[in-house]
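In what follows, structures are represented as structure tokens.
Presented sequentially are two complexes of subunit A, the first with subunit B as partner and the second with subunit C.
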Partner chain A sequence: MRDSRIETVKVKSLESGVRWILKRTFFVDFIKGLMVTLGYNLSKGVTLRYPDEEKWIPYRRFRGVHTLNRDLDGRELCVACELCVKACPTRCITVVPMEDSTGKGISDRVAGVWKVDLVRCLFCGYCEDACPTTAVRLGRGYERACFDLSSAVLDKEKLLLPEEVPPDLDGGVIVAASFERTGAGMKVNADFTKLKGDWLKMQG
Partner chain B sequence: MFETTVEVIIICIKVGVAGMVLFSLPIPLTWVERKVAGHIQVRLGPFRVGPHGILQPVADMVKMLLKEDVIPTKADKWLFMLAPIMTMVPAFAVFVAIPVGDKFTLPFIGKDITLYMSDMNVAVVYILAVSGLSIYGIIFGGWASNSKYAVMGGLRSAAQMISYEVAMSFAAVGVVMLSNSLSLVEIVKSQSGGLFHWNFLYLPVGPVWFMIFFIAGLAEVNRIPFDLPEDEGSLAAGYHVEYSGMRFAFFMLAEYIAMVTISVLAVIFFLGGWDDPTGVIPLPPILWFVGKVAAFIYLFMWIRFTLPRYRYDQLMTIGWKILIPVSLVCVLVTGLMRI
Partner chain C sequence: MDKMVTLKVNGKEVTVKEGTLILDAAKEAGYHIPTFCYQENLSGVGSCRICLVEIEGQKKLQPSCVTPVMPDMSVKTDSATVVAARASMLEFLLSNHALDCPVCDKGGECELQDMVYKFGPRKGRFGEEKVRHHEKDYILSPVIIKNSNRCVSCMRCVRVCNEIVGRAVIGAVGRGAHQEMTSFLRSRLDCDHDGMCIEVCPVGCFMRLPYRYTARTWDLKGAKTVCPYCATGCAMAIEERDGTVVRAIARLGEGWNDRLLCARGRFGYDVLNSAERIKTPLLKVRGSFKPVSWDKALDIVRDRFTKADPQKLGGVASARLTDEELYLFQKLMRSVLNCGNIDSTSRWDDRAAAAFISEAGINAGGVTLYDCMNADTVFVMGGTISDENPVTDYIIRCTSAGRFMNVIIASTRAMKLDSSALLSVRHTPGRLGPLINAVVLSLYGDSRERLKGVEGIAAVKDSSVDELSGACGVQAAAIKAIAGKLRAASSVSLLVGTDFLRLKDGLSGLGLLKRALGALGKELKILPFLDRTNQRGAWDMGVHPLFGPGYREVEAGLGCHGMLDRAAGDGMDALYVIGTDIVGLYPDRGFAEDALSKIRFIVVQDTFMTETAEMADLVLPAASFGEKAGHITNQEGRVQKISALLKPPGEAKTDLEIIASIGSSISPGSMEGDPDAVFEEIIKEVEIYASAASSGEAGWLAGEAAAPVCGVMVKKGGSLREAMHRKAVEAGVPAGEAGSKPAADPDYPYYLVTGNHLFHSGRLSRRSGILKGLLMDPAVEISGSLAEELGIADGDRVEVRGRGYGARFFARIRKGSPRDVVFIAENFCEASVNRFFRRGETVPRVNITVLK
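On to the complex of A and B.
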């Protein structure tokens, strides 16, 4: 029958017994608990209002969507060596080399086709490790939701475009954003000049 | 003849207004409850439908209306369909006896309008009796569903409500002893004249009666920490597990209205009804009343997201071994004080 008691009372001394009774009579623990929740109720939430108002910008080490890079003169760094294709565990990169002596790339050999299937990519970063010329890099883009899987395959033209996040912005921050839904799809427009706070600090 | 007609028309208008208010009350209340839940859990709560999610209940209602109305094959169809109505009707019927203010005079005509449908001289008894009826709906719902979870929920609810009905009635007895009347309007009048005339502060028994009433009330309306009939953890959803669509919404409606009823009763019994605690702030009495009730409703939600659920045997222990003996002692003390 002991189990049916609300709490097993172990009265050690008269004083602790009295304190036990007083605590129960005046609902002390109960009020303490209520105060804790009241504090939380009045505090500001930590919810990130993505995508309507805020957006998180990842750190530089983040492994997001690939980018293909150029050197300072604007020549494509990729020499179509296909090492990234070999290194890729999911075989999602396709590279078809092409001869080109117009100076488009840093050598005569450039990638005629360079595409990556992001549906299969697991963002392991082996491709960027394998690349001898630092042509392929995993960037900071992470919004890849789409209605149509064919748009998950990115080709060279798209990958060569500059990244959306400005390169001088250190990550780990929250910026202002707005959400746009049109017939063509959805888009989160981030305003990288309006910082809204530090991610780590927000986590308390 | 003319007088009677006017009276009938006035009563019809009052019933219409009260019915409409009661039917629409759960709409803002669900929103508030989810907001309170959200903020206590450091979230935002509903946010996407309308500004600050204010239209979320409307979206929910549309969803409820469009849901398929499932009746299990082996269920007792009549009882199954009857049960939600049986819970809802008593919840509404209680409000016949509940005053929300004294009376006001219509401008230009000079006619007094009372802010209650009827000032019964046995209102306390009426309310306890009628609100006790809603348990039939819960038991019928649980039984008719032909599901183990639902039956368990219904039976738990029966045991819980009957146990706590005793403590609750004792609390009402206490109030009646303090106010010397069974009519709610009289009970409020007996507390008029500021904070220190309220039953809540009739030391030393006032606070005790209040706590007994409040705890029993929590159990009576199946709110956390006493929501064993619909214990999600062990009974899925308890007595309404088989219900869907509008029938489920009726149960929810009844539950919210029961919560409002308990808040209103607590305010009338212990916090002076529409009485102004300070005697100096010139607010209309009805606003005092609504404000106090709102504070109570917040308290209910606040407790819901603070406390865990009691075990079933703990629930019974609190009811039979603590509340009822304490109320008996309290009756004695109150009686001695009122000699």
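On to the complex of A and C.
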């Protein structure tokens, strides 16, 4: 390879030969390259500084961790019909109904047990489609890394908690975040009030 | 020969009997017409109009479920008009339907859902407000919850309650869209709680309360089994979710009982979920039970059984075990332990049982209830069939309705079936014998020539009907009327119950009546109605001291009575009790306790800690129905297969495994605990079971001509008729049967009779929380007239006192029972009725005081 290049140089004119020597002497190409690096060093970065400084908030249509929802009066929407269980291709949802006439749910039939095993879930969203009351929805949570698989089974109590992402926050944005490592585990604390930009636009 | 009619269905010619419904004719031709309100066995109403068909030449569509065929009719079941009409009928039904499928317990197995899915219009045009009968579902009984907003007004619930159960406690209230099928003022039902209304309701109006909101049908795993609570032997499926049995159902077209179950069968399944089950072998050490290993337990059993003198050893196995278990049990006792002392019950005398088997022809093969119901006259006696065998009662009611036949009942207490009977008589308890004798005498009076040679006629021909009528407490006119009906019939069926066994009364009369009817040329069928699910199987398997498997003659041993006698005398070395509660049920509790306490070693093998188990030295945990496979022979001789759904709890094992391990530990290699292998052996050993086996084994045994739906009749066998008969005669006629009225007893003026309660069977069903919810506290049943006389209202507390015992009960009133008869079921441990009984005395006398 190198030999052939030298061959080519040989047939060039004297002028070009001198330029070639100067270039080599003053590291011109190298400096050009460094200039590009320098330019990127000085320009605004595209790397998401997740989890230490930033976090991406998915679109509303995102299919993340399940949520169980309530109606406007705060009653559980789930009537434990088990249709989501039936629809699920990986059989990762368990629902056991029970009766509760205290008005906790929209009907007297409520879920005594509602749990989903996220290790098996393929986030297809069939459960959401099957639900007659829009009780189960796939939410915007995606941080599921864990050391212990048992924490991948989420039960009704957890699923009924309001989602971390405020419902009025549109997706596709980046917010400020900080990474916390404690004895109890690791956590990304997002500050949804500090928008750091639209992800799509940032991609140019 | 029936007249036949030929018609065309969708162009296909088909010939059917005159009077056939178009629906059935179409089925015959191979076309299925959807139906809602139609149900076999129920009267037709034609209210839902789903089954509309087009008949050539008729402008309007006709409901095929109530329209009979006509000659040369041409019917279309799938024309465009029919399809459109079907869809609009569904749209109409949905216009006032709650459509809350996600909440409804019927969702997933709802006939309306299925129908709309298949034929529905997929849209509705009804824009008005729907009628809402109520906001919340309401409870109708401890087992029924109701939602009327989903009703499609098919009236199946009302009809089944009227026509089959015979209760008529629900009806249609209101009109049009406001019509609701419910009880009077939606009040709590006081009914059979059999849940037939639930089973037939096509939608989710009538629902099981215990099953409420526990599962969807697709969560359930089921197994076919046979109800353990009486010898009607209803086929059913039990279904579990996550190891808990959540319901028992009888499906249409499955089992000879089709959809029918009584409260015990439908709701008594939860004994399987009970936390009180025995889970490990328990050894009594210094008065209290300590868990031990199976090895240790079997060692002890082997040691005690082999050391025992075979004369002083005995075994009593419950007639709830399977055929296989019973067979192996008698084999263990007879061949391995050389001991002939075995029995299948503690409640009645083995000789009376032998006589009953002979007189009722049990050793001669089976007969179906449906065949019996084809007779001109059906004579039911010796038990309160409506309470003892509820589904037998349902079938008698619905098959006798609308047929030219007579049902005659003779019993000590009033019963629901009375309303279907042409004649019902109440006789003095323990005096069924004189009544039967009087009937025979009355027949004799008109046909002396034909009856004079009948064996045993001499014993009655010199008494008079009036005299016998005085003894049995039935008016002479009624006796003559019964005789008249029997004389006029060309075929007669006798349904005979366990009072013959309990009271040893009427056995020789039964034989006499049988022979007399035979001599008069009647076509005669006899069906026993028994209270333990496999009582007939137990006898067939030879669990009886006087005969072996297939009623073969064996060296006679002792029955339970005899064993207790021996124990009370010079003591017994060992007693093996399987699933029977001798202390709780032996008709003289004090004697039973005393005798058992003198037995040197008692091993009890049971599912629950019974009162007998408390007295045992060793308790072995056994599997229940639902946890084992095998065969059960019902009272008709129908051999049905049962299968296991669950694993036995803890270390419990099936009775078959336990018996086999005991056998093998005593005589290595002598026994196998595999039900199929044992059944093979039964077929070889018990000739009459060959036909039961030849009919295949997948699920239910395949049917034969004699059996209407499924199962198999045990055909012909008993080569020992003569010997059996001799034993019957030897069993003897108890004093008094010959004719006198029991002497009056002014201190204790009432007769106490016992038996099973409608909601209970033996002691087992008292472990069912659901059944206990139907009847919590011990009750005494008194007649309406006595209640009036003593000023007792339903539910009042009363004290019942006999010569040696008294207890408090709440009173239930049964209208129509004789004034001097009170009834206490044998099911209550809290107030064990056998404390009132004394050996040798058949019907105890009691008095009643009202507690204010």
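Keep this in mind: the second predicted complex is superposed on the first by the 161 of 204 C-alpha atoms of A that agree within 3 Å, B and C clash if a C-alpha of one lies under 4 Å from a C-alpha of the other, contacts with A are read in each partner's own complex, and residues count from 1 in each chain.
In this section, a residue touches a chain if its C-beta (ideal position, glycine included) is under 8 Å from a C-beta of that chain, and two chains touch if they have at least 3 such contacts.
Worth saying up front: this structure is predicted, and the values here are computed from it rather than measured.
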Touching A:I174 in the superposition: subunit B (first), subunit C (second), both, neither?
neither
Regarding the shared-chain residue A:E99, is it in contact with subunit B (first), subunit C (second), both, or neither?
second
When the two structures are overlaid on chain A, which partner does A:R49 contact: first (subunit B), second (subunit C), both, or neither?
first
A:A80 contacts which: subunit B (first), subunit C (second), both, neither?
second
Between subunit B (first) and subunit C (second), which does A:N41 come into contact with in this model arrangement: first, second, both, or neither?
first
Which partner chains sit in contact with A:G33 here, subunit B, subunit C, both or neither? Use first/second/both/neither.
first
Contact residues on subunit C for subunit A in the complex?
100-103, 107, 136-137, 212-216, 218-219, 242
Where on subunit A is subunit B touching in the complex?
3-6, 27, 30, 33-34, 36-38, 40-43, 45-47, 49
Could you please specify the touching residues of subunit A with respect to subunit C in the complex?
79-83, 85-86, 96-99, 101, 107-109, 132-133
Per the touch rule above, subunit B residues touching subunit A in the complex are 36, 38-44, 47, 211, 302-303, 305-307, 313-314, 317-318
